[in-house]
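Consider the two complexes below, in which subunit A is the common component and subunit B and subunit C are the respective partners.
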Partner chain A sequence: MVSRRIFIKNMALSSAVVAAQSLLPGVLFPSASFGAAASGLTWHKTPCRFCGVGCGLLVGIDSGRAVAVKGDPASAVNKGLCCVKGYHSVQALYGKDRLRSAQMRKNGRLVDVPLSEALDAVADHFKKTIAAHGKDSVAIYGSGQWTIPDGYVAAKLFKGCLGTNNVEANARLCMASAVTGFLTSFGLDEPMGCYEDIDHADVFILWGNNMAEMHPVLFSRLLERRQHHKRTLIVDLATRTTRTSFAADKSILFEPQTDLAIANCIAYQIIKDGRVNRSFVEKHVAFKKGHTDIGYGLEDGFHFKDEATPTDFAGYAAFLEDYTPEKVASLTGVSAADLRYLAALYGDPNRKVVSFWCMGMNQHTRGTWINNLVYNLHLLVGKISRPGNGPFSLTGQPSACGTVREVGTLTHKLPHGVVMNEAARKKAAEIWQVPVENIDPKPSHHTVSMFRALDSGAIRMMWIQVTNPMVTMPKLKRYRDAAKKEGRFIVVSDVYPTPTTDIADVVLPSAMWIEREGMYGNSERRTQHFQQLVEPPGEAMSDTLQIIEVARRMGFGDKFPQDPKTHIREIWEEYRRFHDGPKHGMAPYEVLLQRPGVIWPFHEGRETKWRYHAETDPAAKGSSFDFYGKPDHRAWIWARPYEPAPEVPDREYPFWLCTGRVLEHWHSGSMTRRIPVLHRAVPEAYAELHPDDATRLGVRSGERIRLVTRRGSLEMTVAVDQRGRPARGHVFVPFFDEALLINEVTLDAYCPISKQPDYKKCAVKVERV
Partner chain B sequence: MNTPVTFFQKYLLIGMLVLLMAAGVWVIGQALHEDDPDRAKTETGRMTTPPLKTTPLYQEAGVFQGRDQRSRFVDLRQAGTRRLAEYYDRRAYPGAPPYIPHPVESDMKTDFEACSSCHENGGFVPTFQAFAPVTPHAAYRNCRQCHVPQATETLLVANQWQTTAPPAIGRAALPGGPPPIPHGLHMRENCSACHAGPAAPVEIRTSHPERLSCRQCHVPAETALDFARPGEQP
Partner chain C sequence: MPVKSYLAFSHEGRYPHMIARLEQCDGVSVYPAENRNVAVVVTSSDDESSEQRVKSALEAIVDIHCLTLVFGYADPAPFAV
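Showing the complex of A and B:
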């Protein structure tokens, strides 16, 4: 990646320094960046700002600035190791163009205004919009990077006070299928196990998950396990060859969308090999089927509701007859031998198996189904809820679990339960001290629908916090045009200028991460607290306080704590009341302060590392497994068929287009691209092609191609055999680059159950420029 | 020209084959055996909750780690010209993972094999006309998780980052005394990686690489405070 020219230049530069040094031996030449004195350095714990792994960091603070990072050896997540993003995370606080002042659009241009004036304008506009168009004409769109208090006050203001369910978060684009997968199979969200499973497992099966780049610290734990435990196997099931494939013991490539057939085939083979754990299945599993012709959500106003119909083991086995290895091999491109091999790994009673997945399975028009189907495998063989055995759904964002899923910042959710449930509404109204009638029993818009409503005019005003939808929405042009329509009012809280602040009417400068106090919740149900360690720049204010300030201006001041010193603690203690009890108890504030994270359910002073088994979970009844999330205390195996993707390559658009991330950049890049070492490592997006396709098209790395889909076109540089190698007939493009917006051409089809869009599959034409 | 195989040679060959097979059986047996205790451990230990670690265990773990490695060095007295300023230039702050300042073979791998061929034991690399610095944490195998090459010199937006000055050198309490260790030891337990051998920055290269127990004399400075009896000021 480093060109020889730059390298030689670097070498020349450093030899100049060396030459100067040799003139004055013993004198240390500090680089220009070494400013503050070392004397006052103190170290403070915090979870990392970036991904859902939730590494514990120690941030070095000196003279009021963050100056260094080390991994927290006391953290059970990362045990002292970070990745390059984590080590350089604190540099994201200091980009030169940090937003320090509020801005309002006047005569078409954003101009600086005092923060109080901007907050007045936001509150005023909320009141006017609701008066003119009703309560459901306003919305808030947050993210899995919201801290827990941010999401909590947002849900309370919108659902409890304003009475609208127009509360969504970008986790809909990232974790919704995982949630519906958990709910349909187990009745309760989030993994049963924890990262410690890695230290006990023999086999790791990664389903469409480039863990080496996306969850690098956990992947290092897998590699460490393999070093110390020789029979460890890592199997990479993917549509693209990546670092994970090279590091794995076996790499299996499959055709996009056919993971559904692969999972069913493994189940077929497990039954055929007689590897079903009969006593487990008889005691703890129920069999269900749902609707099969369910659509793809492409039409405005699309609606779908699934229903569970009971079936039994025989019915399920008969359903699987369509998925013999030979039939599935031709559909998936995976050999029958490899399919049997996978079944043998899952079925072997002497091997403990952990399955990992993230966006490959979640960003999928049958995302809920494929989540169900992988749970099926673990349930058939009874490898679940025990150390080293379990399906493990990884998250992408630092608090996708903690905030969006646990606080429930989704249209149908409340901090405990769903809006459709009367008891849940009553409980929320009681804790929030609002009339129960305030809480609307009908969910309104999921994310894609919310942006479509912005287009139609049903939603007039939207407040966007900690996320960058003008980079990350699929079929982007439609939703950008919608936001820019006459009569729409967009408020954006962020830390840097982005394509989303570009379309804002008001920009509020946010205090980020350690510039305020907060909590994140990671993939393994671990809640982690961080203190304010540095002052935010200019007038920047935390998202929590911004919401409280607007609530106060709208007349709801008495519903929210007002003391900036204690408000986070007060919010946490109020929020905890929703989750009281052994199934979801959260640690008290004091415990969070002391420990590098606490796994919930936290009951009577103890963490619950493995749920649904009496030996490890105080909520489980009896002496063994108890899937208490479902009324029948059983986990549900679902018969879900293979169905093709909505848009498949054809004569006109012959390639698959897949989008994703790179190790160095966090999502839309607004933070990591301002970190020198990360930007310099991957300065711009590119289109990966298979070497054979590149030869056929007559292009080489560094040359230009045009990607054309039915939504639009985009010119990019080709990368052959650099970061990854897509299969023949595939193109891969990372989405972090706001100058090369790949989402201009992606498709906004989604899983009808989870409403999560599929960013991994659409048809594209590749032209040489 | 083919020489006919003599009787004696044939027997020698057969004998060697038998020996090889025996060795193979022994090796496999060892490997299987090695596996057992670990497995037994996870089986019995799987239900117990490990105690919450309050003090990290890394403090003493690497005291003698450098010893084997040092004997593998080309020549400990061989001197490169790397300076401390260059060492810190590659890092965002003292203790940060350095970027990769040279072209890399492949961007598609975690690169342990490629990186370790030069950075595990060090030595002169003719391509770059330089001695390769040695990693102080060779056990970590996903090198590219923390170390990234630089494809460009330009920035998207300037950054106003400042960090602390690196620790001063030679802070011995007494003239000629052994200086304490001014940095954390986590992932940097192997002293000789950075302080001995030809790639060690000249300012911090030890004058006595033949001494094997570094921390017999050099101790970490864990606190800046002096001793005080309970309830009294130092």
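Showing the complex of A and C:
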């Protein structure tokens, strides 16, 4: 009899062969028993739990437990590949301290209580808080890791039933600048292209995006493209040398915040070199400028509203005169030759160019601007909305697009349109069957403002789901102290104890990922459905059902009549009504069940892979480009200047501090730190220094330093040339470690348009301990 | 009983060296493609610590340009609640 180990090895072999065949069509391997299946295992499709790449996985279930993972060869996202987080993802279900029971704070301590008692208490406290302090004294703070149904029922309960726009999600901290960038340039959110662009492009320009660690499977696809398409070039444009830089054909380092000047310089040089696609620009582009010197949101009550003023090509070209390569070289640290090289790549009519970015451009006090400026480059040369040509903003979280941007779980948004728009409110009221007056036409608080309102007392009760703000908020101490103030009531739904459950009054145990049914929407507009494959532990319940249960207890049962067995299908079909039509149609539930994801707009049975061109987009009028998101059917090029960061190194705080992620850990680490192999790989946070700085400070890898900013200080271990190398005068610290909270010292400055904080830049002092 | 499979790509001109070095690793089975410079690598170990040793051995092969994880299996026992 063939042993179980041999069965599994055969399965591993056949999975790899299938992955190789989808990457390298025609590849042959010696005959072997590739088709054998392991006894007892059944395989089921699901999107990965972790990052915004949204790989399709097949999860092996054995005796009711998830025990194996392989990349789904049928998934167009990853074609059978999978990264170390995805492969180990199922182990995150089985950590020893999984929350199995609800908890309530009694006499200062969290004690286990029946789930029904906790849900009663939550509903009761919402009613009492609203009665005492008004509807805007309560809030929900969710996540780009919410499933689409979670976010949908949250928006319906809070905006439709309770009548407050105090609905935000942690995607405000990661994707808001991408949203406002898309809206200001194109009038509609989310990328025009899809991952298939990788298979057609010649040049990839990565703007502050360590794809090798943050989007590893997509980066494998870039490397694979380069291996088989010899013209391929990967250019890494960054403030720190990373694994991506090492794999790139060219690595260019620049001073923080000066990407604004670099983008304008590239535009200047494109015009100077006569590389503007004149016919495209004349037919499809309008020129605008907005306010300048717009602030940083550091003051409570900060308010800013941008306005678009028309300009023209000549006005735009004159604006760019300040950005000659020589002037920009001294500001940015990038040589004039490299700036011209970048312009030549964008401007070459014989090369297809894709720009990728993620947190580097979004977590930026001018995040909206830098998004606009990279769009400008693609628009000037007409390299957009065609296979292999386009700007591509990547997401960090598995459903930042699906749940936050599409469902609209941000203060100003509705599932279709914004609260300020009367037609959008009427449509929402009709679908939700609530009086239109229930939906407040004024946005309330974005995320930073919401936590400031918790501090001031304007918000008294907050429900936090699938996110860990007591690790991830910038200038953390202020907001932790706010949450712990007298008269505040915090409810946290999560799967493990975290620093956020530590400050909770009620903890609700959540069913995680494949312990419930749901959908995620990834970076390329792909909606992916997953079935419940295993039972949740103890009394853990999905976030969707938790919200429905609380809504019913508050008297909104008629708005949430779903049957627990079919509720996800019912919610999806209700939600789809918001997105009818060729511009944003979503696939029916049955189609999602069958396929490893479907790209929207899904219209008349077909996906729309490239928007805004008549050959690929049924919503586009005419025979070529149609940027129908704007009333003038044109994409907008914005004149946006370079403006400095709010806090820059000085004599007292002479280093830049940049925070970020590592390959092995997912965000605040609450799941991946419970996966032994990932935890062992990177057990604690560290501070990366340039070797010259380490020598000057007299420290070596493994020794301790103290990082001091105007917000506080913390001690940690130094890492020199272990994974990444910051530039001289820079420090990099990952934020996954709840025992070393780097956000104690970060700054809560944000982009005044997107309200997204900048976690990449503040001034820090480094002391040897 | 961790079992994993990878696709292994070599640096330019180093494919035969990569295959030779992979074949010397304990706990590693190598399946070179017949018509392309890519190999399937399957690792099988008794527990997490021997798995770690196999992983370190693979990481020490300088001829490997890219090792992409495709499949993983681990018994439920080591991480049971």
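The rule we apply is simple: the second predicted complex is superposed on the first by the 728 of 769 C-alpha atoms of A that agree within 3 Å, B and C clash if a C-alpha of one lies under 4 Å from a C-alpha of the other, contacts with A are read in each partner's own complex, and residues count from 1 in each chain.
What we mean here is this: a residue touches a chain if its C-beta (ideal position, glycine included) is under 8 Å from a C-beta of that chain, and two chains touch if they have at least 3 such contacts.
Computed from a predicted structure; not experimentally measured.
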First (subunit B), second (subunit C), both or neither: which does A:G388 touch? first
First (subunit B), second (subunit C), both or neither: which does A:K305 touch? neither
Where does A:K230 make contact in the superposed view: on subunit B (first), on subunit C (second), on both, or on neither? first
Larger contact residue set on subunit A - subunit B or subunit C: B
Touch check for A:R243: first (subunit B), second (subunit C), both, or neither? first
Partner chain in contact with A:A212 - subunit B first, subunit C second, else both or neither: first
Looking at A:V69 after the superposition, I want to know if it touches subunit B, subunit C, both of them or none. Which is it: first, second, both, neither? both
Identify the partner contact of A:E615: answer first if only subunit B is touched, second if only subunit C is, both if each is, neither if none is. first
Which subunit A residues lie in the overlap of the subunit B contact set and the subunit C contact set? 9, 11, 17, 26, 28-30, 38, 60, 62, 65, 67-71, 80-84, 87-88, 91, 94-96, 220, 223, 227, 675-677, 680
Which residues of subunit C touch subunit A in the complex? 1, 3-7, 9, 29, 31-36, 38, 40-42, 44, 48, 51-52, 66, 68-76, 78-81
Of all residues in subunit A, which touch subunit C in the complex? 5, 8-9, 11-13, 15-17, 19-20, 23-24, 26-30, 32, 38, 60, 62-63, 65, 67-71, 80-84, 87-88, 91, 94-96, 98, 220, 223, 227, 537, 675-677, 680
Quick one: in the complex, what on subunit A touches subunit B? 1-4, 6-7, 9-11, 14, 17-18, 21-22, 26, 28-31, 33-39, 41, 60, 62, 65, 67-71, 73-74, 80-84, 87-88, 91, 94-97, 199-200, 212, 216-217, 219-220, 223-224, 227-231, 241-243, 246-247, 386-388, 496, 595, 609, 615-616, 663-664, 673-683, 721-725
Subunit A touches which residues of subunit B in the complex? 31, 34-35, 38-39, 42, 46-47, 49, 52-54, 56, 58, 81-86, 88-89, 92-97, 99-104, 106-110, 128, 139-142, 144-169, 184, 186-187, 203, 224
